Structure formats: C-alpha cells, structure tokens
C-alpha cells in the first residue's frame, strides 16, 4: 500500500515550487487547518508537501508547518497527545539542528508541549472560543518566519481558539523579553488574558516560531477576513530558504 | 478555613471521549496495562468557618445544582484533611 | 484490577478562570462562604495486575510526562481503596 | 431470562409486550402482529416502535409533505430529491451540492451542550452519507425570553455545544438565526444545517444491494446512549428520564466524527462503497432496515459482532442505541480489506456485522439465534400514516382582527430616534456577535461571507471561483398570524437573502417546528404552512430537496408559534462578484427597492413598542420577489452595486443600522414623497432591499430597474458618521453601535 496523504484532494497534491523550496504541513488526526496551510504555502510559491503524523520521515522538506485544529480533539490538553506522534521525534530533532518550524494555534500548542518553545497555553480567561480578526504587532522581524515584516509593523490576521492564553513563569517571560523572543504581541486589546499580551514567540535560534492567530487564513483578498497580512510568513520562509 | 473537594465524573454509562483518547494514547507512549481511563473534574473549595453538617449539606447542594450536571455526571463531596 | 487516581491541579500561582467563574457565580446562586475555588482534572485509571511500587512508579511517570503539564500543573497519585 | 427469539415468539403468542410503554398505539401493534403473522419479538418490537415513532416515520406530517413532491417546480438542478438522507443539487462545472436542516430541539432542552452538539454531528453525517465533503454549517436557534433565567442556562449551553462540536470538526459556521420569544420557553428550537460538496459521480445512496456484499459498521463503539431517545423524543409522553435506566442523553465526540469524515471521504475516493447510511435517530434499527428496504435483497446481521462500549447491553438496546459518530456501509467482498485498512489508518473501528442476502427479509441474530425476521420495508418505509384532523382555531379571526395599524406611533423626530435605539437594542434585533464569535467561520479557507452578512457563502472551486450561498429564515410571529403566508414569508426572506449576496437561488430545505399534531389547531397551522411553502417553492422555481419535521414542541396545552424555518441554497459563478451588506464607500447612493406599505402586523416594532402580536403579516408577492432577486443578481454580476441588504424584521431602520455599522459609514436619508418617516423606517413590507450604488452606475442601475418594472426609490447617500434622517433626527454611529452591540453580552454575561 502506498502512503495515502490525508488530504487526498487534488488541491493538496504537491506542486512544483518556484524557488524549489519544499515546505511540509503535518496532518495529525484532528488537524483542521492543514489544507489551508498547504494552500498558503502554494500561494507563496513554494512546493507544499502534505505530511502524515505516522510518516517514517520528513520527505526532505526544508521547513515544517504544524497547522491549526483540534488534534486528538484537544482532549487532555491542546497538543498534548499529538506531541507523541512518531513524526514529532523527527521534527524535534530537526528543529534542534535548525529546521525552520512554524506552529500555528494548535501547532503552537504542540510546540509548547514538546518544550521546543517555553511556556504553556491555557483556557482563555473568558472561557469562550473566540473567532475574530486580530491586530498584532510584529516585535521581531529576524526570525525565519517573520523576516519579510519590519519590526514594529502591525498586521491583522484571524484568531480562533479556546485555549489561547499564553502562560510562563516570570523568569521565562523576562528571558523571552530580554532576548527579543516575543515575536508577536496583541494590540487593540488582549483577547484571552495572555501574559504580557504575547501572541507568538520563537526559540533562541529563531528557527522555531509559534503563534496563536492564523496567518494561513489571511492570504487571499476574497476569503476569510479579506486581508493578506498573513502572506508575509510564507514569503519570509521562502526568502530565508532561498538565501540560505 | 477548610478545604472541601468535589469530584465530578461522567456517569459510567456515558461516553467519555477524553478518557478514551488518553487511554488510546498510552500504549503509544510505551505504557501498557492500563485497562480503562475516565477523566473528570476536581473542584477544591476553600470554605469559611467550620465544615459541619450544615456546611456539607450546602456544598452538596452546590455540587448537585451547579458543579455537576447530574443529567450526565455523578459527584462525591469529601473533606480534605 | 485496581483503581489509581491522578489528580491534576493548576499550580497555585497560575490564574484559574474556570475556578474563578465558579466562585463568582456562587453568591448569585445563593451560596455564601466559599472563599476560593480551583478547578482541576481527575483521572481514574483501571490498572491491570497488582498496584505495587513498580506499578505506582509507572503511573507516576505517566502523570508526569503526559497527564499533567508540569510547566503549569501539579499532580498527585493515589490508590483508591 | 430466556432470549426472545423468533421461534420463541411464535410459540408464545400470548406473552404481553410493553408496546404501549414504547409509544405504540393499539392499532399500530395489531398491524405489526398482522405483518409478521405472530407477535413480534422484543427486538422486533424495539425496531418497529422506534421506526414508527413520529420522529422517524413522519406519520402525522407525511400526507402534507407529499405536496413538496407533487407541486415541485420543474428544475434541471435537482439530482436527488426528497427521501434520501439529503437532496442533491447540480451547481454546474460538474459539482453537486447537498444541504439539509434538521432539529435537535428536545435533547437540547434537556442537556443544552450535548443536545446541540449532537445535533450538529447528526446533520453532518447525513451530508457525508450522500458522498459529499461537508463544507459549512449553520444554526437557526430560538429561545425563550432573553431575560428569563432558564434562557441563561439553555442559550450558553447550546451555543457552546454548537461551537464545541463544529469548531472541533473543522466546519465553518456561516450563518444562522437567534430569536427570542416567550413561546419557546420550555421548547427551545435548535435547528442545524450542513452543506456538502461533491462531484456528480460521487453521489452515494443508502441502499444495500448485491447478494454477498458485506455490511460494515464503523466509527464509535455502541453504548447505551439515548436508548428510547427516539421514541421519547417524538412521543406524547416526553419525559427527561427516558424509559429505561439508560441515559436519554447522547454525548458527542467531535474528534471521532472528524476522523469519520476524513476516513469516509478516502473510502469514497477509492470507490469502495456500494451503499452507505449514517446512524442517527434509531441507530442500527434505522440503518439496517433502511439500507435493506431500499436495496434489492434482504440482509442478515449478527449483533454479537457490534463493538460495544458497555457489555451489558441487551440486543434490543443495541438495536435502539443512538450512540453518535457511527456509519454503516455496504461493501463488496473484494473491497473489504482495503476498506478496513483505511479505517485503521484513521484509527476508526470497523467491523463486518452482516451481509446482503438474496432473500427479502431483514434477519438479525444474537448468540446464534434469530431474534428479528421482518420485511424491512414494513419497518422503514411502510409505517403508519395518519390523516390527523385539523381545524382553523377559533381564535384566529380575533387575532387577525387585532390590527397593528391601530397602535400609537412615534410622533416626533425625537420619538423616532428613541424607537430606532429601542429597536436595534432589543434582543431579537441586536447584534449576535457575542454568539457568532464563538464559532470558527474561517476554517477550510473558503468562507467568502459569514455572519452578519445576508447569507453565508463558500467558494467550492479555487480555480474557477464557483461558490454557493445559503440563508435560513423563519418568523414564528408572522406564521402565528397566518401560517400559509408566514411560511411563504420565511421562504421569500431566505430567497431574498441569497439573491442579495448575488447568488442565484436554486433549492430549498426546511425544518418545520410545530406543537402537537394531535391538536387540530396545530395541525391546521402545519397544513397551512406546508401548503404555503409548497406553493411558494413552485412559484419561485426552487424545489424542496429535503428537510425535517419537529412536532410536540409544546408545554401542556400551549404550543410554540408555528415555526417553519426555511433554508435557501443558491449558486454564484464567481464569488468575486458577491455583494456584502457594508456601506463601505462614502458618496454612494442609497436606493430602496420594492414597495413600502403600512404593514406592521407581527412586526418587530409592534413587539418592542407595544408587546403586540395581531393583525395580518406583510403581504407576499412572489413574482416581485423573483424580480427583485433577478435585479440583485444582475446588479452584482455587472458591478452596479457595492452593497445590498435585504429588509425584513425591523424594516429599513434595522437594515440601515447593520449596513452602516458594518461599513463604518453613516447614511443621510431623505424620506421620499408619499411616505412618512415612521412607515419608511419600520414597515416590514416584503420584497424589499436597500442597495448602495456607485454614482457612476446610477443611470445604468435605475434604467435596469425601470425597464424591468421594479420600483427603485432614491432615499439618500452614504455619508458621515451618523444615521441622519433629514428633518427628523441624527443618530451618531457610536451611539447606534452601543445600542446594537451591548445588549446580548449584557444579558448573558
């Protein structure tokens, strides 16, 4: 039997990328925004490679996106079960060696559960799921996933989650701030009680980035909120990969 | 001040998707020999004054009318020593 | 077959909006005198075979690496009689 | 206890069975004995009782629902009609769309979260069973008075349940309704709609054919969920505890359903399935009997092989269990291995539980003994049909005579201003953002329009930008005044909402929520509403493709308002051409399309200002609706308008408020000759919309309206940051926004 990709629809089939960059999107059971992430990668001009959580290898991709959704239903804790998927061992290993990894929403939650990123995600302080267009400030435009933005730039992309409250102890928070590892901050109101308005962070090396809002939902003028502020994520990684 | 604990669990006949998800994950993590997992809620209440029969009766009421959804959940009230 | 319980609670310094929501609602429902409420999780594990030190050590491992996220949560393992 | 086998039943004709407790009437039981030529076994009785319940058999409504077929307009779009899990409509480019709305009213009152959640789960499986990928959901909801304490229990639970299930499933929520009225106090209405998309060749049907083909049950294990639920649901002895000790409540597992969807679509893609049916109400009883009944042969099922969550279940209970997230497929033997392999990939449990036989009986075995031996049609399709007596209630005349035109009206500009604020801050008219922001509307990346637009719209082809739009509407107040007209008004409004976004209306689904069919007055409402809807669909050329009936929505003698909820689906060739409601460009001209008459019966104004319900609802002119639709669609296609908003409850005042706030721009309005400000702002005449026309398009647009005979009245311009009705009042947008957006959070916080 050949491996059947989870999104076995034509739109998810690998397509040749302009830059020859291959960007993988991992589907866990219960991933929801995997097709959207694949689409965003394609729109940015890279080759989109669907990866399945049980895959034995990463198929030589140059970067990995952990998409949004409710992997394993978010039962137990968001991201807690998928972090033990076979493919995550390779992602963790690769990330430590510099493989660019972007965790969006549930993907961010998986990254904190693996401790590739510090802290943890808790239930929103108002206890509700919240879906809205969210303004963010890009605090760090030097990471693999944000170099197409400028520091201080404000962007709008959709936010949608129930477990989005970023938490870490004071020492960790201070460290993140001091090292410039807070990548995104909520502006115009904190939507969930995240400490220090943190919406996204990076590891020390800048190759692993996680954030709660969804850049992959802001890549076409027609759908979603109608903005394209999310395209910069995918432009950033392409720039990074091409210049590498 | 004393602590009273209310444990709320889904009734045995009710589907517990969360517990099932945990149980199914365990063998993958290398843990065998866990036959069943149920996941419920634990409430820790700090009570003002003595935890006498009257207080316990009130907490029972709270548990029954509010902390537990007795359509699908059972609960137990315990005084923590 | 024996039952082992793992209680998982948010660390005291972490904000617990679920517990707070419960606490805030209580006076409205006519219940006074509850000073604080924390909400956590309770796992009931049915264990195959005897619950000896070895089994408990394994369950401790499960709790530490999986059932609780020790960045934000504490846990306690108890054998239910 | 000895097993009640078929053999045993034949030998013990005098054993008394609890048929009455299971909701069967004496003559219904006699019919079962007649069909079988002996008394039924316990398992057979379980199947018949649940399948012959109102909920499954439509025994009270069937004679009326027939009109939807008999009066169906000629439509080339219809690929699969009423009778299947959901109707299927051709939307061009080889695509087909299926959609359906269903109720989960009673369960949502008992357990709001799980009731609503499993309502979403159930309708999604219906759509999946047709061969389609579910692409969106909607949720028309009705609750008791907004400030009633029980609404604070039911509403947050229902909303959390719909969100909890739909969000986790990854389906965008693209619209719905939230209505408050004391008449729904003990009977909230939780309707759920799902839309699915497939290629024509992927359409699947629920039938078991091909002797030797395997019956595969897959998905969740079977537990004691909702046993008796179905008969309890629809029976007159509605009781929260249910008949047995088993829970009447089903708990949903959206994660399991997500796996079921992906797994099933992969199975479809490899063409491994001959027939398929979801398990919903009546569980295996329904799935096996319907599959066998629609097929060519019989079916043999071995109940021992059903994977159980609770090993103490009896065979009757296994047959009646309503455990969620299960499907049943008919698979050729050569495909079974591959089928199971795909299930294994998705961690979905799948088990062969039987096979298609060359007989004509449905036979079910337990521990090797035969416990069911029935002609499947008699269970699934030949249940009792009632011609329930109906009569126009004697209070109807008095109600209609109580004309809303006599109510005192606001006299000054200041009073008009106050009335607008009061209107838009009333729970029914206020922003539903607090609710809809708890739903993911972006997932799947194809949402073109969602709340608060006139209809939800999703792109279904990324290459060609083909899309579909859906709107649901219903107005119980109108239907109470006149059920025939009320149903047509619901249809007209949904049709108009779809057209307002630029999509061409194609087909209809409906959920008919009524009181007890045993009350002749309720039955008359039902008969009138179905007649109105069928006539309306014929006139508009949009066939009913399927729907759902929910009866016994009443507490004691008091029924809910008759509430037909109508969903209209439309197609748009290029979603880039969609028309939003927002007034986005200052300087654009506002035109009111249609005729505004003094029509206040059942209006939001009458309710809010006077707590009044009486008179006649607005008149319906379906030819006019059609014309208005054509104009709106043409204007969208040819880029003549930048915004459109249909007028319905709350009239122009409400529509202007929504369009201004959405676009962040004010409007300067001039009361046209021949109309007074009050009527202009608050009348609820049907067949109307307000549009924003770029100045460069004005001539072209008015020429088109003139040529086609649609009244188009220039009423003002998009301008400033206030709603300014010249000579009457000015309402700053900030004040308007506070009124419009503050109410629901305030009530539910």
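Letters A, B, C and D mark the chains in the order given here, with residues in each chain numbered from 1 onward.
Methods note: a residue touches a chain if its C-beta (ideal position, glycine included) is under 8 Å from a C-beta of that chain, and two chains touch if they have at least 3 such contacts.
In this text, all values refer to a predicted model and were calculated from it rather than measured experimentally.
If you compare B-D with A-D, the chain pair joined by more contacting C-beta pairs is A-D.
Distance from the subunit A centre to the subunit B centre is 35 Å, each centre being the mean of its Cα atoms. One inter-chain figure worth recording: subunit A and subunit C are separated by 30 Å, centre to centre, where each centre is the mean of the chain's CA atoms. In subunit A, 72-73, 75-76, 84 are the positions where the chain touches two or more neighbouring chains simultaneously. Residues of subunit B in contact with at least two other chains: 17, 21-22, 25, 29, 39.
Across the assembly, subunit D contributes residues 253, 255-256, 347 that each touch 2 or more other chains.
Across the assembly, chains come into contact as A-B, A-C, A-D, B-C, B-D.
Chain contact summary for the complex, subunit B toward subunit C: residues 1, 7-9, 19, 22, 25-26, 29, 31, 33-49, 55, 58, 61-62, 65-67. On the subunit A side of its complex with subunit D, the touching residues are 1, 4, 6, 8, 11, 29-30, 32-33, 35-36, 39, 54, 68-70, 72-75, 128-132, 158, 160, 162, 214, 216-217, 220, 222-225.
Within the complex formed with subunit B, the subunit D residues making contact are 110-111, 114, 220, 223-225, 240, 246-247, 249-251, 253, 255-256, 309-310, 323-324, 347. Touching subunit C in their complex are the following residues of subunit A: 76-77, 80, 84, 112-113, 118-120, 122-127, 167-169, 193. Contacts from subunit A toward subunit B in the complex involve residues 72-73, 75-76, 81, 84.
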